[in-house]
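We call the chains A, B, C, D, E and F, going by the order they appear; numbering starts again at 1 in every chain.
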Amino acid sequence: MARQVYISGRMVPEAEAKISIFDSAIMLADTVTESTRTFRHIPFKLEQHIERLYLSLKLTRIDPGMSAAEMLRTTLDVFEANLDNYAAHEDCWIVHNISRGLAIAGADPTVQVGKATVMIFTQFMDLKPWARFYKDGCHGVTPVSRMVPSQSLDPRIKNRSRLAYTLAEMEAKQVDPAAQSVILDLNGHVAENKGGNIFCISKGVLKTPSTVNCLAGVSRATVLELARKLGIPTEETVVQPYDLATADEMFFTSTPYCIMPATRFNTLPVGDGKVGPITKRLLAAWSELVGMDIVAQAEAQIN
Amino acid sequence: MARQVYISGRMVPEAEAKISIFDSAIMLADTVTESTRTFRHIPFKLEQHIERLYLSLKLTRIDPGMSAAEMLRTTLDVFEANLDNYAAHEDCWIVHNISRGLAIAGADPTVQVGKATVMIFTQFMDLKPWARFYKDGCHGVTPVSRMVPSQSLDPRIKNRSRLAYTLAEMEAKQVDPAAQSVILDLNGHVAENKGGNIFCISKGVLKTPSTVNCLAGVSRATVLELARKLGIPTEETVVQPYDLATADEMFFTSTPYCIMPATRFNTLPVGDGKVGPITKRLLAAWSELVGMDIVAQAEAQIN
Amino acid sequence: MARQVYISGRMVPEAEAKISIFDSAIMLADTVTESTRTFRHIPFKLEQHIERLYLSLKLTRIDPGMSAAEMLRTTLDVFEANLDNYAAHEDCWIVHNISRGLAIAGADPTVQVGKATVMIFTQFMDLKPWARFYKDGCHGVTPVSRMVPSQSLDPRIKNRSRLAYTLAEMEAKQVDPAAQSVILDLNGHVAENKGGNIFCISKGVLKTPSTVNCLAGVSRATVLELARKLGIPTEETVVQPYDLATADEMFFTSTPYCIMPATRFNTLPVGDGKVGPITKRLLAAWSELVGMDIVAQAEAQIN
Amino acid sequence: MARQVYISGRMVPEAEAKISIFDSAIMLADTVTESTRTFRHIPFKLEQHIERLYLSLKLTRIDPGMSAAEMLRTTLDVFEANLDNYAAHEDCWIVHNISRGLAIAGADPTVQVGKATVMIFTQFMDLKPWARFYKDGCHGVTPVSRMVPSQSLDPRIKNRSRLAYTLAEMEAKQVDPAAQSVILDLNGHVAENKGGNIFCISKGVLKTPSTVNCLAGVSRATVLELARKLGIPTEETVVQPYDLATADEMFFTSTPYCIMPATRFNTLPVGDGKVGPITKRLLAAWSELVGMDIVAQAEAQIN
Amino acid sequence: MARQVYISGRMVPEAEAKISIFDSAIMLADTVTESTRTFRHIPFKLEQHIERLYLSLKLTRIDPGMSAAEMLRTTLDVFEANLDNYAAHEDCWIVHNISRGLAIAGADPTVQVGKATVMIFTQFMDLKPWARFYKDGCHGVTPVSRMVPSQSLDPRIKNRSRLAYTLAEMEAKQVDPAAQSVILDLNGHVAENKGGNIFCISKGVLKTPSTVNCLAGVSRATVLELARKLGIPTEETVVQPYDLATADEMFFTSTPYCIMPATRFNTLPVGDGKVGPITKRLLAAWSELVGMDIVAQAEAQIN
Amino acid sequence: MARQVYISGRMVPEAEAKISIFDSAIMLADTVTESTRTFRHIPFKLEQHIERLYLSLKLTRIDPGMSAAEMLRTTLDVFEANLDNYAAHEDCWIVHNISRGLAIAGADPTVQVGKATVMIFTQFMDLKPWARFYKDGCHGVTPVSRMVPSQSLDPRIKNRSRLAYTLAEMEAKQVDPAAQSVILDLNGHVAENKGGNIFCISKGVLKTPSTVNCLAGVSRATVLELARKLGIPTEETVVQPYDLATADEMFFTSTPYCIMPATRFNTLPVGDGKVGPITKRLLAAWSELVGMDIVAQAEAQIN
């Protein structure tokens, strides 16, 4: 059966999954979001994602029309309804997009006049764009444009008003079409990737920006937990471009790829220019945590 | 006939005007926009709006799939197809929303893989929310959150990634549910309203922020032109909350209401707390420019 | 006997406690200050307050004309002279205001030409304004105006140039007349209340801004000490509005009320909207420390 | 007869001019202010000073208990009652200090519970501290501490919360005990002197900071008017330390001395290190405006 | 005869033009500088360059050991001594580098212990690197690193501490090896090129950043003068990347090439992507001013 | 034998140690650097200095033409060749200055066209300028100009573009000719001395700025190591002028003097105005570490 999408109470085939162009999702990007993935068909930390989703809903004052428990149940229903679309060796995204609902022309956009638009869907976990980086490492590049500061919009409110991210990513890709953005904040400190967090390792210490200027990523938290388990010292601190350029290792974290090694930063090699040992240990620990080889799954998609 | 909406080459009835939930308009708010209105069924400065739209498209590197001239012609077609929905004394919005098209999960969001999603529609020019302010003046209130700085995303790229504006407007409405936001930039200088520009008049001089920190509004430009015609000196300069609080007059400009007088600012009266004479002259001049009484049209909707 | 006030060497009845309108306290707010309170008629950490007073005097280069030991002795004398004005179940403030003395028109304001004006007085510890908040929690609201930055005037120099605080408090009270200000610094980070410090508790960790942007409050230090004794982990770190809005608990600290629970922040409930368990434990620990029930004393004033 | 001071409705001899140490003027520096001077016993631009006073009252929401017209009348009464204290060749200050009145311990400081404390007094216009600078020029020095930014407290609200100014002046005087402060804003741009405005002349153009970061001084406005009359081009613009260090001439403006030439800046000579011709022309024009020789009056006090 | 270089009073052949590695020029980059060029063997605005040199010397408190008049005479001597090295159709640079002289290890670097090191030399005006851009236009690219702010070091002090510029230029060249840097200031506003100023033309108005954040270039001033002569309106104002990206024309100015058209900015075409008409008029006017065809001279070097 | 200097492969007598005035060291201050000292003729942490040198070379993309191991060997050769110039009780500096080599007029300065200019030399460790401060303590003074921010040029890239430092040091010396600069960053936080790091001790805790805004000094690291060995708690944190003014002890660290006590800060005494006990313990520990009395060696030079 074709993939089914949940939209505000109804399940519809993916091809018919549409919303009004007058929805505040389109008119105002007034949409909070979460993206979870599965490992071996098991959603990863779904409760944590939904908890964070409800914080985003609270801060944006969107009433989703259901409790977190109902959201969890509904999400699992959507997931299970689509499960036969994914082969045993495949995994999928589970995505939530929740907007404030219809936007009435001229009306007060801060008042939710009707029901929120709740979109829940799954997608094939396509890892092809990243698969080669597990071995080669990717290229982190700093764009010129700067992170939207938290006093304008806190990035911990995970949302879909993402034009600034897309434009920043474009700037990074002017240096290298395969570059991954390393967005700086207004002080020139490392903040986040367009959809992920950033880590480096220097003299054995794992460092990442504190959440003062970036999303409190679930993958980020997972890496910090794994590092503590492995006895790797960690610091949530200010990270500057100099730190990345002189680090021994560097990587990104995000829901789909978990950990993406970076072996170049602004055209300079990171460390010896190869994927480093601590990065590999963390990846292996994550694979162990979820009972499958994350890297192998991705690489299988391109081989 | 019901209103028809243009979506990427097709005309569809408004109720069926939907787009895929996988469109980058929803997934990434990767959408540029324009809003024009008609006066006496004549689109106002439509060429200028379309010129600005093409600047936004250029900066976001979205290829709309048609030239500015074609966009103009298509827009007029849409408008004319809907004209019989609007009574002689009524007017309408003409709105463009153009996204980069479908967003593929995991793919590079900066590459436009298919056709842009071009949405053009008209809506009844509902002036009820603002009508009473022509006489009473509205209440401008500064939110705590600050304007996204231009080094993160230049507000002159008119776009639909607007969550920060909606949250700021909510903050203003905590002081007064009828408040209109006066958003400050990171320096604490007046920037813009969630969807309009801000002016004040002190000792006969009309002042408004330069476009260093705000949208280069078409209504803003119109007011500056009218002021020059009327011999009112104008300044595009830094405006601070102190300037508004001590001004003789204050108003907002935006496409639907043109000029909205403000008689209170952060609960203090502006000037003598009444709509001021220069504001009235500018409104009258605008009415003259478009050959109809702007205020009367709005007030008729609530009487 | 009526309350007696100490002014530069003399004890005078409160009603006659006046200073020249040419004093630098009035002309230039060139005044450092401390406010201590008693518990069971015992001054709380008076030595620490006086130590901090002498740091403020050092930084402002005001010569008070007496040593810290003399100041302590004099303070206790003032306190004891007024003790019979306070019933056994009542307590009092002990306040120091020390200005540079007379300000001569046109003279160099940085040169102390005569004796400092040393004002020491006690006041009834009126807890009525806050008493109901121990049970209901108060409402923290962020004003628009920002904390004076430490590179303009370090807030750790406890002083009476407080107009910026009063205006910020007014802004907070536009949202709710009973609101307590949560003033942000220029980065949009939480700094302090107009006369207190701010804490939140998230997942069991007690957090408060470091003193980079706020007063090093004696009550703040007391809470951190109590938390360490109770085994509650603490962090002096960057706190942002998002942290308060998503915290489980929140409270203010200040000399009169010690700990004031906050159950709303910018109109959103904090946690479940009720005074939280860790806040209660800290309050109880403080009561134990001072040998009396702080909350009961306050609530008795309004019942 | 001894000088009489007006305090909230009563005239009292200067030596008895005292207010309660519980007044908000002392407790919170919650005081707005104006300082006018006379020339030939004629108050200079008193109406303008009072107009600005009422803007400060409006912004601080202090109710002075009388209209601007009454304030003007009362001020003139105070002035006239003291006139016989000033010899024909002497002049005086006329100072307004208006606080929110009594501050009640623990009460909401933003609510004016009683009458404002209105202090109006005159003082001998002692020009000795500045007299020698008309001929020699003074020494402008930049302190390290920075101007309180307008988003914390707009300097156009003329007020008595002035500790930051006093500390900055002290820093300048560490370089030269006779230095006059040239306080910079947070961007390192020239803002104002502790009690005056700052001008420079480069290639014939008179420049001064716009009021974005400084007091809108009445003396400043007078200089700009005089310059326009004399055909000297003027610019209200960003002024940086480099501009002062490379200027041909430089001066301060303030109520008592009107125009104070500066011939050194941070130990470097300004221009040729002598008081310049345009400065002299402006001083002469001011003398002409007020019908007396400003410089001669000051110099007479030290010779 | 081989080119002769002036070093602190002596003329030496270029190949022997060396200074001690202990000179403050090398140890501390404590060196101010000017670069003039000739047109038809006539030094261009040499007096203005020397005037600016003496402002830089004043601000850095370097005593060059000779007056501006002597410097001018010496410079002309150096120039004339080298004149026969330049063919009639060729031109040359005239460069001044003046350091504080020998730097003694451990000694106070702010005290000039001996004579300044005065270096004056000429060099062939090699225009090959830029010649093709007169026809094709160059590519302006914004680096990530930001202009050193004027509160750290005012760029109007023309100096040789230029590592930040070189690193910024490297960043720009990561996007395009032929890119010319468009360095932004800390606010994200356009400041300057690594060795030149930046202009754009929008709707007929010529705009360039004010000298708040950039060098007050002699070429920049020349363009503004030429524009005024040609009746082209000019604005010295805030310029943002958006302004360049949407401009009709754009160019750089600097001593060697005078005006270098830019036809791309951050990979987007400027205007129609061709060298624009106003740019051409300004170039022609400059050629007329100096009595020779600037462009032809440059293009002859590569053809 | 006279001291020999290494320049790009050759050993030359110090008096002949010269480089072309066209070297990028002079033209662009495109030079990275290290300064090591010896104790008892043993170079101190030379490997660490060379490791940092290679990080600076990496970031500036200068190719020194030899590996770090070769650099170490060459350095030791230079040192040994000069050893007989230093008496047994004397020590010396070992300095590396490496520029990108010749700068060609008009050529792309980011491309290294030839060999780097590698300068290695030793100098007598002259401690006279600092010797008296071990006993008396020096005077730390904050200049007005602010540290170049890391987003303009990271101070951890140890380089010779040092004009901003020299000008800042001059400003500090306007307050006291013997002052040592305490340079603040753009936030007004303590950054570094013109050539050293800054520490203070408050209530037994040793504090120094984190390397977010300052050089990661080898001496700084040594002090932190010694403190840990001695059981003194350390914090790398934000340090503000208030912290220094209220500290019990304060000192600078730099290669020549190791630890220089400061007993005054901005004219105020630090602690009791005497060199403090923890400072002395750290100095003693350093002496022990290097097997000689650091203070005695310095004091012998002035007695």
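The rule is simple: a residue touches a chain if its C-beta (ideal position, glycine included) is under 8 Å from a C-beta of that chain, and two chains touch if they have at least 3 such contacts.
The shown structure was predicted, so the numbers you read here are calculated from the model rather than taken from an experiment.
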| item | value |
| --- | --- |
| Chains touching both chain A and chain E | B, F |
| Copies chain E and chain F - rotation angle from C-alpha fit, nearest 5 degrees | 180 |
| Interface numbering overlap (same over half, different under half) for chain A and chain B | same |
| Candidate from A-E, E-F or B-E with the same interface as A-C, over half of contact pairs in common | B-E |
| Inter-chain centre distance, chain D versus chain E - centres from mean C-alpha coordinates, in Å | 43 |
| Chain centre separation in whole Å, for chain D relative to chain C (CA means) | 32 |
| Shared interface positions of chain D, touching two or more other chains | 59, 61, 145-146, 149, 151, 157, 184, 188, 241 |
| Which chain pairs touch, all of them | A-B, A-C, A-E, A-F, B-C, B-D, B-E, C-D, C-F, D-E, D-F, E-F |
| Residues of chain A touching chain B in the complex | 5, 7, 17-23, 25-31, 59-61, 93, 97, 99, 105-110, 119, 121, 123-130, 145-149, 151-153, 157, 159-167, 169-170, 173, 186, 194, 256 |
| Chain E - residues contacting chain D, complex | 55, 58-59, 61, 149-151, 154, 156-157, 210, 212 |
| Of chain A, residues touching chain E in the complex | 141-146, 171, 174-175, 184, 188, 241, 266-267 |
| Complex interface listing, chain F residues touching chain C | 184, 187-189, 237-238, 240-242, 245-246, 268 |
